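Order as written gives the chain letters A, B, C and D; numbering starts at 1 within each chain.
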Amino acid sequence: MLILTWTIQLLAIPVLSPLFTGVIRKMKARMQNRQGASIFQPYKDLRKLFNKDEIISQDASWIFRFAPYLIFAVTLLIGAIIPIFSTYVANQYLSNFLVVVYLLALATFFLALSGMDAGSAFGGFGSSREMTIAALAEGGIIFSFLALAPISRSGNLFEIAKTISTLQFMQFMPITLAFAGFMLALLAENGRFPFDNPATHLELTMIHEAMILEYSGKRLALIEWAAANKSLIFMALAVNLFFPWGMASAGDGSVLLALLWFVAKVSVICAGIAFVESTIAKFRYFRLPDLLFTSFILSVITIGLITFF
Amino acid sequence: MHISRKSSSLIYLYVVQSVVITLALLMLTLKNPSWPLILVVLVMFTVKVLVSPSFFFKLIQKHQVRFSLSSYLNTPLTLIGVVILTAITHASFFRPIAGLVSVAKGNTLLLAVAVILISLFLIINRRGALPQMLGILSLENGIVAFAAVAGLEQTPGLQLGIIFDIFVWVVIANVFASMIYKQFGSLDVASMTHLKEE
Amino acid sequence: MILLSLILIPLFSSLASWQVKKDVRFLGWIIVTSSVLELVLATAAIVEVLTKGVYAEGIYFSLDALGALLLMIVAVIGLVAGLYSVGYLQMERAKGILGFRRIRQYFTLLHLFMLAMFFAVITTNPVLTWVAIEATTLSTAFLISFYNKPSAMEAAWKYLMINSIGLLLAFFGTLLILSINSTDSTRFVDWHTLLMNASSINPAIAKIAFIFILIGYGTKMGLAPMHTWLPDAHSKAPVPISSLLSGVLLNVAFLAILRFKLIIDTAIGTQFSSSLLIFFGILSVLIAAFMMLGQKNYKRMLAYSSIEHMGVMALGFGFGGVGIFAALLHMLYHSLAKSVLFLSSGNIFLKYSSTKIANVKGIFSVLPVSGILFLFGFLAATGVPPFGIFITEFYILFAGIASHPIAAVFLLLALALVFVGFFRNVAAMVFGEAPSKIKKGEAGRWSTWLPSILVIILIGIGFYLPHFIRTLIDSAAKSYL
Amino acid sequence: MLNFSSQSLFFISLLLFAVGAIGALLLGKNDRKANAWGNMLGCMGSLGGILAAVRVLFWGEKFSVSFDSSFPLIRLSFHLDNLSAFFMLVISLIALLASIYALGYAKHFFGKYNLGTLGFLYNLFIAGMLLVVTAGNAIFFSIVWEIMSLASYFLVVFDRQDKNNVKAGTLYFVMTHIGTAFIILAFLLLYKLTGSLDFSVMKNNLGQTPVIFKNIVFVLALVGFGTKAGIIPLHIWLPSAHPAAPTQVSALMSGVMIKTGIYMMIRIFMDVFPGAPLWWGLVILSIGAVSSLLGVLYALSEHDIKRLLAYHSIENIGIILLGLGSAMVFLSLDMQALAVLGLAAALFHTLNHAVFKSLLFMGAGSVIAKTHTRNIEEYGGLIHLMPQTAFFFLIGSMAISALPPFNGFFSEWLIFQALFSGINSAGLLASWVFILSAGALAFTGGLAAACFVKAFGTTFLARPRSEEAKQAKEVDLSLRIGMGTLAGLTLVLGVLAGPICKVLVRVAGSLGNLQNAQAAANFGIFSSHLKNNFAALSMPGILFFLLLALAVTFVLVYGTTRKQKVKIGRVWDCGTDLSPRMEITATGFSRAIITIFGGILQPTKQTAVEYRDADMRYFKKTNVVSLKTKDVYGSYLYGPGQKLVERFSRYTKKIQSGNINAYILYIFMTLIALIIFLVI
């Protein structure tokens, strides 16, 4: 049973992530009165890309070739150390929230480097924007976790999930603030509205796409997949840390139920994202810092509320 | 000395001052006469009354500085300054000095101190090189007078040494004065302000 | 006969120099031999002092530890300055600035100057000390006006007038002190007897007397605000003379003050004299510090640094305790450092023929050795380790924080300020591009090895203080504790 | 050599440095020999230092000897306890690698400068640092402190052809000397309070002194040592002085010398002072937060690579101070365990920063040696020409950006834990200080990453931006050995963080009130976790699983896409030819962040446009845009102070008016005034 749950834990993120990307796209399409592609389209895209030849810039160095593997590997690792459907597969030595944050930073670091490596103008400003936003988002992420940590007297994500699920309503209220902050960071980190437009290649607006412009074939596939993983990771954290209800606390049948819960909760988040993306416009680049600082401040306020009341 | 504007009269006043002091010394020595002391007095007389004035007169003739230059304060202010200084010496500050000798001599002693301060004031107040030199000499006179009155004069040898110093000083000062005249075309020392911080 | 011959040698050599007929080398030989002899004799005398404690010759000459220290400084710096003068004047003669007769006059007066200083140190009688110090004024007046330029005349005149006045005041103070044994005025008095019956003096008179003495000799020593003559004289005199003035003469004046301080202290306690010394010390240090900031003429800058160091020594004695030891040691270090600075600045002056800091650039590229020497001299003078002045200043602060904390803080502030002002100018001088017209290369070996030896000595006694110096200073300081 | 006692090893290493210094000076004429001699002896001396430190740390051979000097009050007392040993280890380690690096690096000074002088100053500098961390007596300390500063000053102005170096040196020497003045004042006060100049005696006598004096001493010492450590706003000398020196010296100054300031802060605030008041720690925390955040921001606005690294030193000093500050707070709250934790974190970050900062400086130096410029904008594409240097620099960048699995990550993680535990366990004010410090640290990490993406990207990636960059070649072996070893160390220190922290806990536990206090965390070889189970971390785990994931990815991808071909083509260039000017510039890269933080950085922009047709102003010929950041400290803090002093000195100079009557008047007035004063 344990082996089973572990395999699920390890595979959940990479397996499910394209699905939720598709789900979001579908929902957006529907909200915009379009038919939209099937929710399994991302899988097809990945397969297509893996089967294509690829072209690599003559100016690019080994970093350009190596980065996609590392980025994907990092998302795999993170996927293994965060709570997805259960609170008992805790591995206490890695699932510390700082580890997650800094592993993500590692991925971003190499993504930005590979963006600069090819030496095209787009890659450069893409990395610049990406690093700017990542740097500013980091405070928000760490602090939204930090808002939860004191409650559960632990920085271990599984512990957090465990304790939050047992909270009373009144204790729970301040956490919603932190959740808002975390959502802002989520949108920023995954290149979603109002920070970035994942569906465009218009140089004025694109951030993530600009960096990976030079990629093709399997490396592009890896990066796209890693991006999908990342967004699912964030959504998983969002649902499992802030609303950790219905998670399996023992390795029995409840696991399946928990998985369903997980899918359901993430779909809600997806709906939210889709709603945001089809209702508001992308912000001007220099207004984004305000949002990011807002997310930081929200979390700080939460901490204040929790520590002093 | 403060008031007189005429160089020669300045010198004459100095001579008079010196004469008075040497006479005073002579009196003291004649109380218990001893040749070395008398010799000292004679030397002093020659230096102060005969030699140095003659130097100064030569200086005057050589450079036709018959009238020494103006002072900073005008005459009445100068006089007031003198009065104040005398007052200070007779005020409580220098009382203890008067205690050195009998009450009778006390005032003369303080007078000597006053002379010292007044000649300092003279040096500060006058712009000419000549008055300054004379001021220093009269300052020295004042000290000698003080020593005489307070009965602090030294052994003849020492006194000779001191007088010799004064003599050399007079010589050097005169040489300098004439050099300065050569260089600056006047004896107005207050115009020598090239060496300063800018 | 050692001390007596210390008087006679310079006297004769001065006369001899006066008789020399148009052979500069001969003058050179005289100064070399005489100053070497003087150094030897001084060493002998110091050895005597180390063995006996006090070494007296008749009633007229005697030498105690303090005097021995001064004697050492006078002899050493005198030797160095003498040797340097030979080469320096040769250069100036070669440049056609000087004729033979001027050089002869220079050496004659130099001998007299040395004579006066030796006399001031070893005589036993206050009045004779006064006579001797007055004599230094007279003998140096012409040395300061040596170049006969208007500015030199001005400097010399100010020097003469201000110092004469100061010394006359000091004389007055001396007389007041002598009133101690007014009973038999004609007997020959010496420091020792004065000290013996110091207690008999009327305190009020003692105070007045000390004020006069401090102001009088303080003028000669260059304590602010009586220092005004000093920058002019130092900047206009020939370099060796400047080094003698600030390296030795100021200390001799200080010696006179110290002798009287001892008497006054035994009469009325240290409180009074200490507070006066602290007052003048702080004033000198602060004024010097602010004057050195943005100073435009490097010889004037060195002069102000002398004022600052005199202030530091005064403070050392004012603070008492270990400060006294430090002040005496400081005197030694300062004399050496200052002559290093002046001699190397002499080389700089010979090369650049300007004392304006603005005209002196890139010494390192033009005069590599002199540049380094100048830099070392600066480090030594501002008390940067491994040079000893750091230690002495630390001691003085150390004594100050115990007795007068506020004064100590002011001192520290002033020292930092001095460093800043001094350092900016030095950096501006030694680095940078040298003016194109100046050709590289030292003036000659003599111009560098003399200060080099001094620097080596400085570093040496900065690391290890020889035992005999320690004992000298200890026994000199003991009498003030 | 291993069976010598730590004491003899210590003196042997000092002796070796002395021999190296003198020998180099004597060999001065012959560049090659002088260089070899100086650096070889430097290596051996550093080895001796390492061994001595190791014997103290692991064999526990502490010693404290003192010799009388010929001066009263001064005792040459050497005191080597755990703390000193730790810093000695750091210094010697970096010195060893820097010397190896210098063997090859100093070649380009041949014939230009006297290598003998360089060797002399270099050895003197290292010996000075070792003495600073081992001196046990205040006067002796001040002396060696000044000697260290002096040597480093001469090293800064060693390349004296360049005016800027001289200016930098002047500023540095002035600042450090003023700092020393503060330090000496602090020592004097300590003497007044304790009646001794020996640190050990001070420690024992300081118990019942009034707190106000302690506070004065604290402020004085903070200013004095903070100047050397380069805390904001006393840092102004640092960014100009560190780049000016030869690279091995920059590495030492930036990596190690500024740590001597940290060492003395720990020594005085944690060891000598028993019970420090709370606000000291809070002040240190706030200074740390400000320094780290502003330091990284200034670094972002730099495009001189060495200045950039220098600003990162300020940032990391700030991070170290965060650890130290939290330790002090915990100490004053009497939470020994947490205090030990914070201090250990600070010490570990000290070690880490020393390693990766010197690595980065050496990398930068290698690049400069090949491209003859310090301007990042003229690099580019160097990863193709100097691959190994690029690799080492990349490692260093990842380490300083606190990316796992390198050492920087663990120390920042530890400091984070210290700050987090502070949030819950202190009073209201303290908690807020802790929260904001944690926030500063969080942002610092992200910004540092951004800054090093910029630095590495513009330097090594894409196409060369200048002719020099095109001509660059890989550097000599000795340089690569130096950098390679350090690069390896960053990983090793990261993986072995647990055991190392065990030792550091022992070091921290040997201080002042922390005597044999237990740390609030268990450090193991495989994992370290806080006692209160708040957090746990396994560095080897991270490394292992990361590699595992990588391997899996590789295998799978390779397995699935064996047959797909990889073509090398040109970048998509929108139809034009790509020129280096199309790449993003370092300035452009960090422009966004600078604009966002414009309120703090106060960026200035000057545009100089030249038109082909002056009357129409339609076709631009050239359009020069120069972006700078305003020197806030110069214009608001130091400038006014300097003006004030100078005005005062102008007034003072009026005394010297040149009028002799006035001069005599001074004497006269002084006389009268004193006599009147006497009677009243």
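Heads up, the rule we're going with is that a contact is a pair of C-beta atoms (placed from the backbone, for glycine too) under 8 Å apart; a residue touches a chain by one contact, two chains touch by 3 or more.
None of the values given here were measured: they were computed from a predicted structure.
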item	value
Chain pair, most C-beta pairs within the contact cut-off	A-D
Subunit A-subunit B separation of Cα centroids, rounded to whole Å	100
Where subunit A and subunit D are represented by their mean Cα positions, the distance between them in whole Å	36
Inter-centroid spacing, subunit D versus subunit B (mean Cα positions, whole Å)	69
Chain centre separation (subunit A, subunit C; CA means) in Å	79
Residues of subunit B touching at least two other chains	94, 120, 123, 132, 189, 192, 194-195, 197-198
Shared-contact residues (touching 2 or more other chains) in subunit D	653, 655-656, 660, 664, 671, 675, 678
Touching pairs among all chains present in the structure	A-D, B-C, B-D, C-D
Residue ranges of subunit D touching subunit C (in the complex, touch as defined)	69-74, 139, 142-144, 146-147, 150, 157, 160, 163, 166, 169-170, 173-174, 177-178, 181, 184-185, 188-189, 191-192, 645-646, 648-649, 652-653, 655-656, 660, 663-664, 666-667, 670-671, 674-675, 678
Subunit B partner contacts - residues on subunit D that touch it in the complex	653-661, 664-665, 668, 671-672, 675-676, 678-679
Partner subunit D, residues of subunit C touching it in the complex	157-158, 161-162, 165-166, 169, 207-208, 211-212, 215, 219, 225-226, 228-229, 231, 276, 287, 290-291, 293-294, 322, 325, 364, 379, 384-386, 390-391, 394-395, 397-398, 401-402, 405, 408-409, 412-413, 415-417, 419-421, 423-424, 427, 431-432, 464-467, 470
Residue numbers on subunit B that touch subunit D, as the complex places them	72, 88, 92-94, 120-121, 123-127, 132, 189-190, 192-198
Touch list for subunit C against partner subunit B, complex	125, 127-128, 131, 134-135, 138, 141-142, 145, 148, 150-151, 153-158, 160-161, 164-165, 168, 171-172, 175-176, 178-179, 182, 185-188, 202, 204-205, 208, 231-232, 235-236, 291, 295-296, 300
